[in-house]
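Okay, structure first, notes after.
Chain naming follows the written order as A, B, C and D, and within any one chain the residues start at number 1.
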Amino acid sequence: MSMVAVSELQEMYEHMVAARHYEERLQEEYLEGKQPAFDISAGPIPGELHLAAGHEASGAGVCQHLRDDDTVTAPHRPHHVAIAKGVDLERMTAEIFGRETGLSKGKGGHMHLFDPDVNFACSGIIAEGCPPAVGAGLAAKKRNTDSVAVAFLGEGAIDQGAFLESLNLASVQNLPVVFVIEDNDWAISMPKDRVTDVENGAQRAEGFDLPGTRVDSDDAVAVYDAAGEAIGRARDRNGPSLLEVQVHRRMGHFMGDAEGYRSDEDQEAAAQRDSIDRLAGTLRAHDVGGEALEELRERARNRVEGAIEWAKDQPEPDPESAYEDVFSTPPSGVTETAPSAADSGGEDR
Amino acid sequence: MSMVAVSELQEMYEHMVAARHYEERLQEEYLEGKQPAFDISAGPIPGELHLAAGHEASGAGVCQHLRDDDTVTAPHRPHHVAIAKGVDLERMTAEIFGRETGLSKGKGGHMHLFDPDVNFACSGIIAEGCPPAVGAGLAAKKRNTDSVAVAFLGEGAIDQGAFLESLNLASVQNLPVVFVIEDNDWAISMPKDRVTDVENGAQRAEGFDLPGTRVDSDDAVAVYDAAGEAIGRARDRNGPSLLEVQVHRRMGHFMGDAEGYRSDEDQEAAAQRDSIDRLAGTLRAHDVGGEALEELRERARNRVEGAIEWAKDQPEPDPESAYEDVFSTPPSGVTETAPSAADSGGEDR
Amino acid sequence: MTEGETDGGTDRSLTMSRAMVEAIAHEMRESNDVFYMGEDIADYGGIFDSTEGLLDEFGHDRVMDVPISETAYIGAAVGAAQAGMRPIAELMFVDFFGVGMDQIYNQMAKNTYMSGGAVSVPMVLTAAVGGTYNDAAQHSQTLYGTFAHLPGMKVVVPSTAYDAKGLMHNAIRDDDPVVYLFHKRLMGIGWLPAPDGPKTNVPEDEYTIPFGRADIKRDGADVTVVTLGLHVHRALEAAESLADDGIDVEIVDLRTLVPLDTETIRDSVSKTGRLVVVDEDYRSYGVTSEVIASVAEDGLADLDAVERVALPDVPIPYARPLEDEVIPDTDDITTAVHSVLSDE
Amino acid sequence: MTEGETDGGTDRSLTMSRAMVEAIAHEMRESNDVFYMGEDIADYGGIFDSTEGLLDEFGHDRVMDVPISETAYIGAAVGAAQAGMRPIAELMFVDFFGVGMDQIYNQMAKNTYMSGGAVSVPMVLTAAVGGTYNDAAQHSQTLYGTFAHLPGMKVVVPSTAYDAKGLMHNAIRDDDPVVYLFHKRLMGIGWLPAPDGPKTNVPEDEYTIPFGRADIKRDGADVTVVTLGLHVHRALEAAESLADDGIDVEIVDLRTLVPLDTETIRDSVSKTGRLVVVDEDYRSYGVTSEVIASVAEDGLADLDAVERVALPDVPIPYARPLEDEVIPDTDDITTAVHSVLSDE
């Protein structure tokens, strides 16, 4: 039996509800102006959008163990993790709407959210966040702190060199890193068995001498427990772990994906196995009543609505700002120190 | 007990002696003019040279099972494999000496030996030959032949994405591919335990659902047996395997490597565990007498001497030929078919 | 255009995607050696419709979804090509080249040379390129210059359905590795509406367009605009409005970057004396640089004025006003044309 | 040169390798955040002496051998840099970039921009470049143009010990990612003898050389030769022999490709009117293209003649007569100088 405190379950529940509501609201906003004919350039949200409805248990269960000084890297489907990690929701939303006050001043968009205050980053290339997470773990080790790094990736990413090499590097250097595979059964249109022979992605760990665990119960508490063990191990300087979590994709790969390749039954089954409902049940079993739950939901929804409202009010970036931030501001790298005649060192050979 | 025929052992022995003698002679030729001060641009052999003395059991034991239509890719230390695979020794040697009649007309050198007659290729980037070997296996499967592909790599290469991704691709497509790790304990100056936590490289297989075996007895017969099983499995369309073979590096990473990072004991121990001596013992136990062995050795040495002599007699390439062969000869890709007005298709929009 | 003169007598108009797929399907029918590998190219039909419909006709064995392992499957294409097959491997976005580049440029592009011609690598590497839909820095690049700089690969960039089909036929038949870069905005995808130009009449018959032959997409006497891909259409649009001002622009569509048709470029510049190079790749060390340098080298005397219009040297930003700022548009081209006219 | 005027008063001459290592050691002493990762850089001291001696002083924790996993450890450097450290990661040969390029250009180079400046990536990526010792197509390239084309990284190419030290100090202190490309033939490695030029007097004190400032390595009035790396020395040699014929060549050593000092180039060309660009990278879509285009763009009127001398667009062959043919030598430079003088 899990030792999780009820207060933690409540926090997780609130994060999960916020994440789900966030995705539902973004879907609405995103599709505005894009119907009936879907034109990606219409509506208030630019670009592609990968929503994580159905993944909430993973973000919440893992991040519940993390502090601000712990690093998280997430892939192209990042919102639920960002919310659980405590990323500034208003500025994140402004970023997604492409506004000047967004986390990245509108330069990054939803696949490139960076919040250094809580050491969160995400990126759009498969498994690309794994090596930087290893690097954050390396920095923690070198600085002799007990902070840890967590890299999230999809089950479709476990065939990519960047992930596999990272397992080895983290293992041989004994770094405080946890890799979390979110298995939602699909990599865009490719089912898992088409791209790997391994049913349990955590099995990859075996070839690299680190522990691997899989949680497939759609149970945020089980995720919390397994993640607690892995993160605790990392914090105690006992090395890296690999964790796979079964989640579900409720909204297509990206907005506009008609999922023609996916059976109705599969979609239906994914919708049924809802870890938010399940966690609500657990909370009720812990004597958290319907009213208390509704209060949590209400708070989560309000936070989301507030962030979206704020974001939509923000100004668009000045076109000229496109030329800024290629390099650090203020500009670095132009220091000149003695000897003053330095610059002509090779002059007359 | 191995079922290997004595005639096969004799062939393997001859290949192994030829390979060893080849490396010893190349070492001599390479160092000519480079002593006492080692200048890489002096002497009859250009460029870097990675010799495989101590690796012979691997090339001979594996390739003994291969036909000309089977594909082999080897890494930067390829000669022993090339010899066992039946690569044209004269033209290979001419290539190493940078001559016009070399396998690649002097363009490739010792890390880029291509002999399409026996489907052999090698290359200088770590693990780079793994994906093309998978491709050769894929071609065999598509064409419904029973040929197989073997990729050789060093133990230092098992941390590289190209290898790890290849394990998965071969496994999920069930391709006739065998990966052979030659474990010589060192990746240039880096000992194995500095770069991976896994003592047995064949353990990598576990994360990808394919069989993995390790042979660490310096016994060519044991290599032959293990390779026979893996290659037989591939030929019978039962999928890929991973095989690791313990070998030894007797001559430094490349010529000129003083091995300052390596202890005398380690060098000594490597020299002791000589699989050629061991195979000679096995042959004697099979009643192949000293004279018969000497005859094999003589033949091997003569072949090597003949190839080196021939190669050194060959002309250097014409400098102008440097501009040829970027693309196929005769030039392809300039076909023009109907409709004849084709070229102006977009003219006047 | 009188139909029948320039398009093989057809009035069947196709999107660039349909034209490209038609060539692939034709070649797959002709030879079992041709097959297609990539992510989401089977049931999905390619994220940018590059394989739409192929699965139905050819099945999963020849229209193969593969793991997200670009190094492994692009390298496998090299191996299969060296074994005599004619694989087509798709990199979903050209921006992902960095995960598989070693196999691309150290094997695919070099093995013919490194083997002294003993082996050849008859494969096609397809990839979607380009921005204009706010997909930000990792999903919007063209990287034309990156591929064109490294020897051993032919680099193809179609701008119309007609060209896309002929160039694809040629790419598959070519015995050398061909990098075939199709611009997402030109494909005619429902959710990413194309401008008017790329949908053209396309003959049903097979035909090839040789590499190394640029196409004059518009004749003109005053200024030469050299460009490719999406920007052919932006340049044509600019030319129309400039024509109203009495400025007569010639538009050279490069169609292939390797080989580069320097002759057509120089002939045009020797006529107009003024050169504008328009590119959606980064400005420095790229396509605009090379086109200008090639003219300066051998036709300096003919050259009265030159301008380049390209992506500035910044990663491609996400928000609409920012992306609009950096990707060259029709106005940028018009301005550059005016500038070379006033420069002298 | 009167010693003391131009080199901080020292007559201590160092190889380029010693000078580079001296700067690294200094910065490692100053800050525990600086560490070095790479293959064979600990006990071996770097295959090309890039870390010779560092292990003894700093130990395996700060001079770290890593697995042959360029993607993983270069990406780890990015992560450590974003966490506030100042890693130096070595790619043993620049030719290997293809196995780790995604981390290099999609993370290291873009994260500052993609985060709107919220994060910075203060790291150095070192790599050995160049040919002249018959290591063939996978171990002889410079790939200057490949890195310079993609925005977000500063690209540094020292040609002397003096420059190597100052540029390395600056690279480590810079808050942005710097790609530091050192030419093997210049390092002063025992088995790969350097020409005379790169071993220079080097002050013991620290000093920085700012990026974006080319260095006139030789003043001249007749022809501008723009070059970098090894070819600075080949150009200087050519200049000496041309001086005997009364031809006065100015030699501009770029030192950094990003930022590119177009001002110094243009000033020189406005003086001489004749431009020769010499590069060891591939000819097309590269450094020579960019330098010529940058002059043509803003200084076309000044430009009377231009030539480029570069590696032809072929992979680098192995045999000595072949490699000698393709890598530009002193004679090639001399010929090009004569050619721009007779061109007009």
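One rule holds in what follows: contacts are C-beta pairs under 8 Å (C-beta built on N, C-alpha and C of every residue); 3 or more make two chains touch, one makes a residue touch a chain.
Remember, it's a predicted structure, so these values are computed and weren't measured experimentally.
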Most distant chain from chain B, judged by the mean position of its C-alpha atoms: A
B-C against A-C, pair bridged by the larger set of C-beta contacts: B-C
Distance from chain D to chain C - Cα centre to Cα centre, in angstrom: 32
Centre-of-Cα separation between chain C and chain B, whole angstrom: 38
Centroid spacing, where centroids are CA-atom means, of chain A and chain B in whole angstrom: 43
Mean-CA-position distance for chain C and chain A (Å): 35
In chain C, residues with contacts to at least two other chains: 66-67, 69, 71-72, 95-96, 98-99, 102-103, 106, 113-114, 136-138, 151-152, 313-315, 317
Where chain B touches two or more other chains, by residue: 102, 104, 106-108, 112, 123, 125, 159-162, 165, 168-169, 172, 194-196, 326
Touching residues on chain B, where the partner in the complex is chain C: 71, 73, 102-108, 112, 114-116, 119, 121, 123, 125, 128, 130-140, 142-143, 149, 161-162, 165-166, 168-169, 172, 324-329, 332-339, 341-349
In the complex, chain D residues that touch chain B: 39-40, 42-44, 47, 65-69, 71-72, 95-96, 98-99, 132-139, 190-193, 312-315, 317-326
Chain B - residues contacting chain A, complex: 159-162, 164-165, 168-169, 171-172, 194-198, 203-210
Touching residues (chain side chain D, partner chain C) in the complex: 71, 95-106, 109-110, 113-114, 136-138, 145-146, 148-152, 257-258, 260, 282, 284-290, 292-294, 296-297, 300, 303-308, 313-315, 317
Contacting residues of chain A [partner chain C, same complex]: 37-41, 46-48, 98-99, 102, 104, 106-109, 111-112, 123-127, 156-157, 159-162, 187-190, 194-196, 256, 260-261, 316-323, 326
